[in-house]
Amino acid sequence: MSGFDLFVEIQKRNAAYAAAINSGDLAAWVEMFTDDALYLAQPRENADRGLPLATIRCEGKGMLRDRVLAIQKTMVFTPRYTRHIISAPNVSYARIESEMVNTAPQVLSSSSNFVVFQTLHMQPTQILATGEYRDVWQRNGDGLLLKERRAVFDTELVPNSLIYPL
Amino acid sequence: MSGFDLFVEIQKRNAAYAAAINSGDLAAWVEMFTDDALYLAQPRENADRGLPLATIRCEGKGMLRDRVLAIQKTMVFTPRYTRHIISAPNVSYARIESEMVNTAPQVLSSSSNFVVFQTLHMQPTQILATGEYRDVWQRNGDGLLLKERRAVFDTELVPNSLIYPL
Amino acid sequence: MSGFDLFVEIQKRNAAYAAAINSGDLAAWVEMFTDDALYLAQPRENADRGLPLATIRCEGKGMLRDRVLAIQKTMVFTPRYTRHIISAPNVSYARIESEMVNTAPQVLSSSSNFVVFQTLHMQPTQILATGEYRDVWQRNGDGLLLKERRAVFDTELVPNSLIYPL
């Protein structure tokens, strides 16, 4: 894929990512990650200082599935709709590794801004969180999988109400 | 058009759609639809249950024009600015019908997330609604027209202040 | 570049623009403009009436650098995070000048919707402003520079808290 194709492909993946969470199809959300993926939801203050503390941390697909199971089976929370708007990715600093090594997987970095809105029953829609996805994508045949997604959010006040992944 | 071209073409159409409404050029908004188009603005709760009740329902271009006329001539409301942000489309489940039949029009489905902000005179900007466009596009020469747009919004509390189309 | 390429290129430039401001790399922000660029942040009411009054006005790269210096050295304000979401551009009315004249620079117009969120320490994220970028881009080798960006915002109530450029 060329640079333009990759840019568009990341947009498509992010649209599918948003649709999976917003429609409640969390199994599809899990399938967007590599087996060894890292998913974090972390306040920006921690991320920028290099502190490890995160509101959600999943290492590997097993932990992603556990999170989904918890949301669907064990967590108690008020029903809500979420709505993601994800910007076009910033790939101007994308590094494409292993370009010379045909046998190695190709990996690239990008970042995108997001806003997630939340709507509770008979309530007005509110901002749940804004922030930045800091991503590492891995080629998988013709597509891309998330090897790493750090959902770095701007406010420290979100965690209590964080049920679904950002 | 290839898959990539269609993805970009839908983004362009959505940008033009937003610009038509936000600039007040509602005649241009009407021209984005097919003659037999369906336009709905509907709360998600109704849409997901298959209930027909919608806040705005226009069947065919005539009813779209009537709606525009009502906004411009007969409805009484506080002046306001609207501002749409529309995400990249989710076309991963796009079905392209009639691919084998050269004479038939080509139709495809997509969905996009939206947020519409509203600003009244000397008021801070507020969220009017978030939601999802559930669309059916029809090829029209080199371009695309909306055969169906269901603007499914997340909160039940929006209708009273819904003047312009979402 | 073809029409599709330009559309994607503008999206990329806007993603880089947002990243520069949101990450605090204001030097990179300045480098997105031509030497003689005009940057305005202006309420929509003024813009639509053709009134010149603007909340921020920078004519030329020197004034952009002065603004950055003011933010970094002399302005006193509460620390805050900003977060831009910029829509796909509306280039349906793009005019490409001087197509016949190989020696002249190529210039094109577009507009994009934006929302800028703001987060103060231990505060919930809020809408700072929504609005429209009215842009003139200039070709620069393989890339695009901003010859003019009018950040036209919808509410009159934003100016007091406008520190970073929209």
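The first chain written gets the first letter, and so on, giving A, B and C; residue counts start at 1 in each chain.
By our rule, a contact is a pair of C-beta atoms (placed from the backbone, for glycine too) under 8 Å apart; a residue touches a chain by one contact, two chains touch by 3 or more.
Predicted, not measured: the structure shown is a model, and the values here were computed from it.
Engineer: Can you report the angle of the rotation that maps subunit A onto subunit C, using C-alpha atoms only, to the nearest 5 degrees?
Structural biologist: Best-fit rotation on C-alpha atoms: 120 degrees.
Engineer: If you list every residue number at the subunit B and subunit C contact, are more than half found on both copies (same) or fewer than half (different)?
Structural biologist: At the contact between subunit B and subunit C, which are copies of one sequence, the residues are largely different (under half shared).
Engineer: Just curious, how far off is subunit C from subunit B if you go by their C-alpha centres, in Å?
Structural biologist: 27
Engineer: Would you give the residues of subunit C that are in contact with at least 2 other chains, written as numbers and ranges?
Structural biologist: 8, 85, 88, 115, 127, in rising order.
Engineer: Within their complex, state which residues of subunit C touch subunit B.
Structural biologist: Interface residues on the subunit C side: 4, 7-8, 44, 85, 87-92, 111-115, 127, 129-132, 154-157.
Engineer: Inside the complex, what are the residues of subunit B that reach subunit C?
Structural biologist: 5, 8, 11-12, 14-16, 18-19, 22, 81, 83-86, 88, 115, 117, 119, 121-127
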